[in-house]
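Heads up, the next two complexes both have chain A, just with different partners, chain B and then chain C.
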Partner chain A sequence: MKLEGKRLIWQDYQKEIADDHYFYARSCIRQTFFPGAEAIFIKILRDELGKDIHDEQHHTSCTGIGYHSDVVPFDTTMTVVARQFALMGEAGYENYAASCVTSFGLYTEILDTWHHFPETEARIREFLFKATGREFKKPRNLAHASDIIYKFRHQIAAKAKYKLVDKNTGEPLKVVEHIGCHYSKMFPHKGIGGAEYPYVLSGMIEAWGGEVIDYPERRHCCGFGFRQYVVQANRGFSLSCSKKKFDSMEPYEPDMIITNCPGCPMFLDRWQYALSEMEGKTYGKGNHGIPVFTYEEVAGLIMGYNPWEIGLQVHQVPAEPLLDKIGIPYDISQKFKGKNGEDIGIPESPSYLKFYAE
Partner chain B sequence: MGELYKRLATDIRFAEGLKACINCGTCTAICPAAEFYAYDPRVIATVVQTQDDEKIRELLSTDAIWYCGECMSCKTRCPRGNAPGMLIIALRSLSQEMGYFTESEKGRQQLAVKRIIGDQILSSGYCVRPDIVDPAMHPEQGPVWEWEHQNLAPVLDRLGANYNGDGAGALRKVSDADLEELKRIFEVTGGKDRYEKIEAFSKQKADEMGLEFGTDTSSEYVQHIYKANNRKHTHE
Partner chain C sequence: MGKHVVVIGAGPAGLETSACLAKLGFNVSLVEKEEIIGGHLKKWHALFPSLLSGHDALEGIKKGLNDNIKIQTSTKVTGLEAVNDYFTVTGHNGWQAKAEAVVITTGFQLFDARRKEEYGYGIYENVITSADLEELFASGKALVNRHGNKPERIGFVHCVGSRDEKVNNLHCSKVCCITAVKQAIEVKQMLPEAEVFCFYMDLRMFGRHYEELYKEAQEKYSIQFIRGRLSESTEDKDGHIIVKVEDTLLGKPLKIKVGLLVLMVGMESTAKTKSLTKRLGLQQVSDGFIQPLEEVVRPNYTEIPGVFVAGTCSGPKSVSDTLADARSAAMAVGDYLKK
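Showing the complex of A and B:
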């Protein structure tokens, strides 16, 4: 399909994204593996864009992983989500911003269910009141946090210190974008660009100077599969899905992968390590692997934030080759330090995958 | 129309997930689980559409309903607007309500999921926390995670988290009052009842297998179901 054709399709899948005043709900997986990403998101919105974002302390998990690994019933999940909506109203907000794609998908599904089955919504309201005494209003606007960064991608580009460009050749970096399945596969019209040509990350990459790679398994799941990763006996499923993607993208020689779901970057990062240990196979040149980033980390990088303050040291696939290509300076001696610069040791080096430490 | 089918039909995910399946197989073509496992979502829809209780009972008792990863790629592509992934959620719910899940190797794993994720939700307010991603149970996490796991507080604090702290922030401690509300929601909405059923049916199976049941993930039964793999789940 010609690029013009894709752009026409994308125009059919635009969505309203609130301009300001967000109620932020954190993600179990993102805060566990990439807490720096959530910190960057808040910092960019508040400090760089001057937006109002409420960091709620009383919300809990939406129970999404429990729901999609089938130990938590739908009524329970819907009522927990109703409680999050109640907290939003009590804090004086009506624009819900979810850090997690599983949560975003669930909120979308629940709002759709309530639309088609109003008696279900009425039952959940009764459950919530009975359990907590709370009442709720539905969000005026529901967005995934990546939608919000997408909305402001040009403002971020205007303030950026760096571009997704190879400083030596002047060529755009070749970027794989990976969208979490539940962002738009269930409800294509709720995601920017829909399910076949989601544009939420492509838009960031283009605005920030990179070139998006179109490869055969671009829309394949990373392989989380909820119970398929949680239970050790099932992890071959998870690993195989990621491997299929790596094998498919490898001929296009990507410089990096960007993701919008909290789990995908962890799996795409860790499974490269596991595959290297199992088979001696590394992707990317010189045993470097293909570095994987959250969109918040990439936004932080081009804004010039310190790579070790935003958390690139907790990636197993090293970020240094990408930092060198862009020309982002870093102090390797500070990579594995604690908060106040204290020495807390360094990780062991993997058998094959490159490892950088002082 | 059998009783099991009637029960399935009351599940809202069933109503949302299945209109009239035309057996085209598009869902199977796109399904990541069908590529890896000996699994075919088209067959799931076909069996359910028969409304035959014996066939549905067999489905509820086999590994077949536990292979799906709930990525919902099938929902995007089905030309009739069906979602076999949603059917799977309804089937798994019924299998656990009636106890059939303990009859298959993959189904039995639900107790491990309940004790890892389910119990974590009620004890901490999160599905996952860094403390529980034990490198010994997760060798694939690699040496950087092992280092981080040994140094959680200094690493997480450097990245702006509020690890186990009061107030807002990443990885904050969810307050007792908020956890109490969560617990009440589970009591009122059937979540507690689901957990108890998973425990009770699994206890019966553990006794039958002669394995120590315990109350956490270290028990003989949980360790067995967490790792057991008869190698008969994938394509030849």
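Showing the complex of A and C:
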């Protein structure tokens, strides 16, 4: 593989990312799946980078999952999104930062629709006003939260306590990056690096000392395609998608997977457990899986945040082997303690996947 | 007659037009931006359907050149002005020629395969273009991939940069289908044990003997033609290219591992052609090629009296069609200058 070829493509897919003053819209599902991720994002931006970020309480789902599953009509979706934009304006912001890749894709699609069909925008303005009495301005800048971490990746690296490097060998960790489909597959020019060779996560991995793995099924869906998962009868297809990816990346012996979508880390993490229970197969050495992270979790880890405070205990594939490899200390006795030392319960140990608890 | 014609571009069309004009008694200035004349043909190993070598074809065309033709190489045309029935053509290096007529034979450029990002050209070492393969044939070297291995399987991807709205090229490049058939046969001749696949949308075997060659490719050489467009190619740990394609006749998705993937790059109009078209105020057409005054009966005339076109600058053509078009252009110029 010739990296220069990818670098040429990356030059073609850059975009403006606001420098400060973000209106943050959270994801519907990330706080359940990976509860620390959004909190770390806000903490890094506020405390480490000194940025102003507004964590809006009153926004709703963007309806993305319903929209892509054909249960929410586009006019409804656009009106809901128009309300989010109205909330941004009311809070005094104009740079919209979406935590969710599907929301980001949907906002991009809506702004593009309004650009090409101004009469649709006018209709939605009318709907919103009739329904809520609100008016809105379109964002001056729209970014996915991973774009913002990408923008500040070198500043984060400069403050980091750890690198994505094996402390015993000094070698860079081998990292699989996986972007959510809605990040740039619909609008390649709205994603850093485009759709075919996205750079948003690769750029973080490079800046933080790791080495990106390109494997044959890199572009393949993680398994969270909504119809594959939301429709229960299709869940076998979801699992097959994930399995296809694991089988394809396994020969490269990846140390970790980094993702930027709500669904991808969920499915790449949880399905490793399901596959191990179904087939007795694990994709890391010594009954380990391949630990899966959100980019915020990885940023938090290299900044030296306590792994249990950023939510790594809820991962199905234990992160401990990776923490050991990098040399990040952790107290296993605290793994299943809640915020105030409360016992949150120790899950049952899987049959094959190596489990860590005191 | 002593009248003077400037021909811009010394590929097959420019050379043949110049030769015919010289035979008709005109003085010709043939201006070429590159150091060596011959255009793309000088790099092409063999031509379909007869496998005539590119070198022999070019030498055959050059035989027509005589002392009435002044060849000016390494000169980029930067100016073309019409004043009082005369055209003044200026080069970047100060070269200048005055003529009663101008023939534009600026040819084509090959589609830059990197624009089809999903195919991995410029990233995966064993993804090459039809032009790269032709150079490899011409070099006389063994057919090995970029890792030095004899490929056990080779794939040819048709219509790369042609008939593809995604890259803004709606036109068919005409020659790629038969070139793929020709190259696939050449590969089989060099590596009889190799499996060869052609991934196509339609096979446009419009020329004489093309269909026969296509039949021979299937019957004699067992080349497999799969009707389906690639969705992507990727690389495995050993440098093989993994191709994902739908076989639309079987209605099944396929995943095939090949040692070498050849992209049949199409023809596009050149930046020079587009700038000349604009400078002369000729009609701008979305495909970028020069639009003749009338395509069926006056294919070499333009909207401007005294300005003519020949060859692939007015649309994709095979070498034989280009030469016929060049002769036709020379006749049109002759007709025009008689008046």
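One rule holds for everything that comes next: the second predicted complex is superposed on the first by the 356 of 358 C-alpha atoms of A that agree within 3 Å, B and C clash if a C-alpha of one lies under 4 Å from a C-alpha of the other, contacts with A are read in each partner's own complex, and residues count from 1 in each chain.
Going forward, a contact is a pair of C-beta atoms (placed from the backbone, for glycine too) under 8 Å apart; a residue touches a chain by one contact, two chains touch by 3 or more.
Predicted model only: the values in this text are computed from it and were never measured.
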Margin query: Just checking: does A:I65 make contact with chain B only, chain C only, both, or neither of them? Give me first, second, both or neither.
Written below: first
Next item on the list: Examine A:Y252 and indicate which partner it touches, taking first as chain B and second as chain C; both and neither are also allowed.
Entry: second
Check: Is A:C28 in contact with chain B, with chain C, with both, or with neither (first, second, both, neither)?
Finding: first
Check: More residues of chain A are touched by which partner: chain B or chain C?
Finding: B
Check: Thinking of the overlay built on chain A, is A:R218 touched by chain B (first), by chain C (second), by both, or by neither?
Finding: second
Notebook entry, point to check: Is A:T113 contacted by the first partner chain B, the second partner chain C, both or neither?
Noted result: first
Item checked: Contacts of A:F237 with chain B and chain C, given as first, second, both or neither -> first
Item checked: Common interface positions of chain A, toward chain B and toward chain C -> 195-196, 219
Notebook entry, point to check: In the complex of these two chains, what residues of chain B are touching chain A?
Noted result: 12-13, 16, 32-33, 35-37, 66-73, 75-76, 83, 89, 92-93, 96, 106, 109-110, 112-114, 116-118, 121, 125-130, 133, 137, 139-148, 150-151, 154-161, 167-172, 174-175, 178-179, 181-182, 184-191, 194-195, 198, 225-229, 234
Check: Across the complex, what residues on chain C touch chain A?
Finding: 114, 117-118, 121-125, 232, 234-237, 242
Checklist line | Residues of chain A that touch chain B when the two form their complex | finding: 26, 28-29, 31-33, 35-36, 38-39, 55-61, 63-66, 68-76, 78-80, 83, 105, 113, 116-117, 120, 127-128, 130-132, 181-182, 185-186, 188, 195-196, 219-221, 223-228, 230-237, 239-241, 244, 270-271, 273-274, 308-311, 313-316, 336-339, 342, 344-350
Item checked: Contacting residues of chain A [partner chain C, same complex] -> 1-2, 5-6, 8-9, 194-197, 214-219, 251-252
